[in-house]
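This report refers to the structure that appears directly beneath it.
Chain IDs A, B, C, D and E follow the sequence of writing; residue 1 opens each chain.
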Amino acid sequence: MGFIGKGLFEGMVVTARNFVGSYFDKERLVTVQYPEERVQVPENSRTFPFLVFDKDSDPVASMRCVACKICEVECPPQCIYIVMDRDEKGKPQQRPKVFDIDISVCMQCQICVEVCPFDAIKMDNNYEKSQYGRFDELVEHLPELLKSNEFYNKIKPTEATAVDAKLKADAEKKAKKAAPAAKPAATAAKPAAPAAPKPAPVAAPTAKIAIPDDAPFTPEQRQWLSGYLSTVAASGVAPAAAAPVAGTPAAPATEAPAGNWPWHDPGLGMQRRLDLAKETPIADKLMAAMAQTDCHACGYDCRGYADAIATGAETDLSLCLPGEAETANMLKKLMQEAGKL
Amino acid sequence: MDQVYKVAPQLLKFLSYLLGWLPWIGKPVAGFLSNPPAWFLLAVAIAIPILFVVSVFPGIFAYTTLVERKALGRIQNRIGPNRVGRWGLLQPIADGVKLLTKEDIVPRSADKFVHFLAPVIAVIPSVLLFSVVPVGAGLVPVDLNIGILFAFAISTASVLALFMGGWASRNKFSLLGAMRAVAQVVSYEVPMVLAAVAVVMAAGSLSTLAIAKAQGGGILNVTHWFVFRPWGFVGFILFTIGAMAESARTPFDIPEAESEIIAGYHTEYSGFKFALFQLGEYLASIAMAGITVTMFLGGYNGPGSGPGILGGLISMFWFFAKLGGMIVLTIWIRGTWPRVRVDQLMSFAWKVLLPMSIVNIVAVGMWHYIAIRPIAWVVTTLWLVLWFITLSKLAASENIEKREYRYAS
Amino acid sequence: MEIAFWILSAITVIGAILAITMRNLVHCVLSLILFFLGIAGHYLLLRADFLFAVQVLIYIGAVAVLILFAIMLTRHVTGTEGPREVLGGKWWAGMGTAVIIAGLLWAIIRKDPLAAMLPAGMASTSVTEIGRALVADWLVPFEAMGVLLTAALIGAVVIALEEVIRKR
Amino acid sequence: MEAIEKIKEIAAQAVPAAKIEIINSTPAAQQPALLVDREHIYAVGKFFKEDPRFQMDFCSCVTAVDYLPKADKSGCIEVVYHLYSVAQKQGPIVLKVRAPRELDQCRVPSLTPLWRACEFQEREAYDLYGVKFDGHPDLRRILMWDEFVDHPMRKDYVPPPDYEWEPTPHDDTLQRAVEEGGIMPPTAREELEKAKKK
Amino acid sequence: MIQPLTDAKPYTLTPGSNGVIETQTLEVSIGPQHPSTHGVFRMDCVLDGESVVALKPVMGYLHRNHEQLAERMAWLGSMPYTDRLDYFNSMTNNWAYALAVEKLAGIKVPDRAEYIRVIMAELTRLLNHSCVIGFMLQDLGAWGTPLLYAFRERERILDLYEAVSGSRMMCNYMRFGGVRVNLTDENLATAKDIATRFPRFLDEFEKLLTNNEVLLARTQRVGVLPKELAINAGISGPMARASGVDYDLRKVDKYGVYGRLEFRVPLGDIGDVYDRYYIRVLEMRESIKILQQALRDIPQGPHIAPEVKLRNFKIPPGDGYGRIEGPKGELGFYLVSDEGGKQPYRYHVRPPSFINLTILEDMCVGHKVADVVVILGSVDIVLGEVDR
């Protein structure tokens, strides 16, 4: 120790050294002049989610999202809102019609990315999202959300390469599997892989499109949706893409009207759905065991998959991705009960 | 003022020469200026120092804030203001415009008149202080023969503004700030005045100009500065501490301690009234630095300073350079030290500073009566060092202990 | 000079009147400070520089601030609006006192003008003269005053301490 | 630390009147608890704190759990204390005490006199669950504001219609916001009402 | 016996009893908007002059019913919300929650994941302690200089966090059974670099502060917390250890791989603000040691237990309490799983900064108002965690 004031003096030496150091030592002056200078963000850096599509020529058709709503369910702050696209008959298409992310609510946790079975949603690293408004300006809709796979490869090369490799491997596997399974008539017509191009949107223009009553919408949303769909259909925006893309099946075999399946609601729990389907034939029970997202992760919609299993056309019971093991186990159990396994 | 009075006719003649070219009014004005009546000369002689004080020192204030922000930034490894103009040079102007255009908020329950008066009163004493600060050889706005005393008298008046602001705001934090300010300023006045007494004894005059003059000569006009005497060095430190406390600078900024009582007495001020408070505070701080320079750091004396135009300019340079040095010192301290507590502040003033300043006066006496310089050096130094050690031990024993730490087995 | 005198006098008188008529105690003290300032200005007019500085230093810087400090610690500072009734109904007593003092002063000054009482040169070289007078000519009274004030100070501390001790 | 059965035995010997039951945690967690009746929780707590074998001087965590009535059993509010010993570096002993869900009967003795650590945590349990702790020195709301009426962590709590408008129309909250007068920008309200009329 | 209790009585702040205070006291509400309450926190102080005679902490301004949010979503869904509890130390919050869930579900964490967790937790401790000292000095009036030095170093740690987890503060990095992404060699090198660089920063920091007379005078014998009260009031973390309570969960519970790492637990004797400051400095030095060991010993292997599912994660019915030694103290999660077990039936956080506030009044009474903010700063609270 020494005299009183020594510590004070030493402190002043430290600050003086920092004062001088800040002019010469980059280690000491960590500040950057933001708008002119930017720090390179690390590859892992995440801000808000975006949706990946594969082909620049047709982002909507080539988007990977199948509107399975897993992210919507899992999102902790519930900032995602998805409406599945449907054709004029109310048959679900494999893509979202509405995909909104409220970035004022989103907390950038990337749980949606982790739970997505299709690698369709990824995290962006653009942090400059300030807007002049508090409300609609902060909701991102499908057009803003869609980003190309190239973009994804650009911002996160390592991760995107791995994802691409995985998708390719999956597609090949699916293709291999589909080939031997092509014998039964019912499956042959079904789409082969989730990565394959999606069915084209609505074909013939119709005057009025009614949203089925059991669709998971509030009356208001339903009203709006049907109005919107009608106008879209009437104005003939969609039909251009009506020509079938290679591999696109004709309408699925089960053309039963999309209705009268009270359990067809992803919001219900498994038990509740099975209860609703208690007195129905085995196909309906099987259907009720599924996740009801019509996500086509299995290659069918829920109805189709159930019918396929019931008829024996499909033997793999673990294809329902959104339902995961819960559905798989239940399917197994139901099949056992029905004595088909 | 006397000096200005002497040069005023020349100045006016020069001005008349310049204005003579103007059409219409040029001739009569030039005639008037080249041969001015006595009252006009007097008015000019009064006006010039006033204009000088009112224009130069607020300018220094404005750029002090910029330098402070820049320096604090660099001390804290930041860049500091750099958006308005190159190196942020226009920042003070932007600040001024911002403060001028801000809404002036007066609390509903405030004492409106006193609330309004306080910032005004805050500025007046601070400006008046500059009237006795010699800025160059023989250049002092008013050479009062009680210059130092005048400065102290005026600076105490500034506490009134703090009190009025704090009391009229009807805010508890303001009131606490005002109470702290009053207690602090009143107690630090004492050691400060006593530290100045030492200088006055040595210089034999209360006039600031005379004190500055007394420190001239020696090698390069430097060696006779009072700070290079044992008593002067101690006095310098005492006075600097006192001045910092008086103008509420860190580490004595407890009247406006932002982490404790928001902003103290000016919590409820906004816009230009707030700016006036800041102006008054900074001006007082700068003026106190100027007086410190005058009393201890040789004032305007420095290599090359002296009478005449060139010497005068050099002396002004030295004065402002030293003033800048003092300002930088306060900024540096502000960037380094924590704030003391209000009771520690008081006990420091009364238990350390006051005895030390009295001891210092005795040291000046010794210096005066011991004719042989080397002996005087040794004796006064010993005397001061002994007292310093004793007092610091006493002060430290109250608050500070050395600790050892153990580890769990 | 004449004008300055009148202005300062007006300030002084107005300050004095306000100091006793204001409702709000703080306003009273602020008016008192105005009054002190006026007096200080008069000193300056009389070329008594030292006295001016002392007036400002002690009366404004210390006395008034002390009063304010004391007021700040009390509860009821503000009264109702409007001027206060000084002395109640006994205004005549005040007037009488004022008249008597004015008369006495007039009588004294008339008999023996102040200018004549001052030693020559006193007014200009104030500091040195005062200093010499205090520590040479009038050393003993000066020191006695010092001792007296110190004793008063200690007494005040003792009284205050007693309060503190009693509280504990 | 002894096995929970042993601890229960010791505690039962020390406070003979107390009714003590063992409640199991999840199989993996291995933190069985002692359910003590309301009348004797204080005595049992005091015993664990002072007994040299346990010296549970550190009350780590206090909280309440709301069990709604089910078909087979009635509901209750359960207050859980996690006790540890700093002196002997052992623990936890988990004490549970149950009170009826009805607000006027929902009271248990406070353990704040034993452990200061309970002071704020019991206040929190009171605030969020409405458990009144008898003998608590300063039982006020702590997280909710003083004027708040209900106890928001109860399982049957219904939040008031002070919904702040949130742009994503992903559920019926938006509908509710319109009907119940939640906070939303006027433009949004107009649009919604227009859509409703349509 | 159940004593009848009158309803929650409105509290009054009349201090003392039998006329101890005679002069007029001043009731000052420090906060909720105040520069040094570290957020929206309020202290109702009764002042006698400048001395505090009574003080009541008032909180809840940031209350968002975190627990109920968690009870309405799946187990994983709360993980990002734990980041927001103590937003300085999201890594340790993640760990505490993951640890509690793993305890309930009986998940075995792979070795590498445990080491990664230790590295992240100790980095968090460095970050938190240095910043807390900075904030405390800010409260002491040092104009943010120590704080910004601490921020300068924190920047490097946050850069590592971003490179690893994708986010600087809201890491959301731990998962049940491990961590979300594996550490690359590059990340490990950065961590090593931080571990070698940090002692130099600490030396500079100490030179600036430890012997500073103003700091010593302001902090010694201020806000003394006696050992017995510290234990009884459930005080944990550096605050308890500054009072001499030998209780470090890293040593007591030996969770993770702390049992394999060598470090010491510094203890103070007096329990004043200075002790709390210096214990943190010493803890940082120990943390660096742990970091170096962990970086040396980290094995190769999986970073997450492969059997743990991301979605439809279920826990058998029952309850359990898991806790870790967070930088601020014992951070625990009490979880109850119901039938079904897809989401927590009860989710309770034991926040250290909330419980450490219990004795705020005891520490502050008798000191000056300027000390109150310093004592509060030395308690080290984050309002996100206090109010939840």
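Details
Everything that follows uses one rule, which is that contacts are C-beta pairs under 8 Å (C-beta built on N, C-alpha and C of every residue); 3 or more make two chains touch, one makes a residue touch a chain.
Since this is a predicted model, take the numbers as computed values, not measurements.
In terms of the stated touch criterion, the partners common to subunit A and subunit D are E, listed by label. When every chain is reduced to the mean of its CA atoms, the largest separation from subunit A belongs to C.
Simply put, of B-C and B-E, more C-beta pairs touch at B-E.
Each chain's centre was taken as the mean of its CA atoms, and the one lying most distant from subunit D is C.
Chain E has its Cα centroid nearest to the centroid of all protein Cα atoms in the structure. Each chain gets a centre from the mean of its Cα atoms; for subunit A and subunit E, those two points are 37 Å apart. If you average the Cα atoms of subunit D and of subunit E, the two centres end up 22 Å apart. We define each chain's centre as the mean of its Cα atoms; on that basis subunit C and subunit E are separated by 60 Å.
Averaging C-alpha coordinates per chain places the centre of subunit A 68 Å away from that of subunit B.
Residue positions of subunit E touching 2 or more other chains: 145, 149, 152, 208, 212-216, 246.
Chain contacts: subunit B has residues 75-78, 175, 335-337, 396 touching two or more partner chains. The touching residues of subunit E, counted against subunit D in their complex, run 1-5, 8-11, 59-60, 63, 65, 67-68, 103-107, 229, 231-236, 245-247, 252, 315-323, 330, 332, 334, 336-337, 345-346, 348, 350, 354-355, 357-359, 387-388. Contacts from subunit B toward subunit E in the complex involve residues 72, 75-78, 172-173, 175-176, 180, 250-251, 253-254, 257-262, 334-344, 396, 399-401, 403, 405-408. The touching residues of subunit A, counted against subunit B in their complex, run 1, 3-5, 8, 11-12, 14-16, 18-19, 21-23, 28-31, 33.
On the side of subunit C, the complex with subunit B involves touching residues 24, 26-27, 30, 33, 49-50, 52-57, 60-62, 64-66, 68-69, 72-73, 126-127. Residue ranges of subunit A in contact with subunit E, taken from their complex: 1, 4-8, 10-11, 13-15, 18, 28, 30, 41-46, 70, 74, 76, 107-111, 114-115, 123, 324-326.
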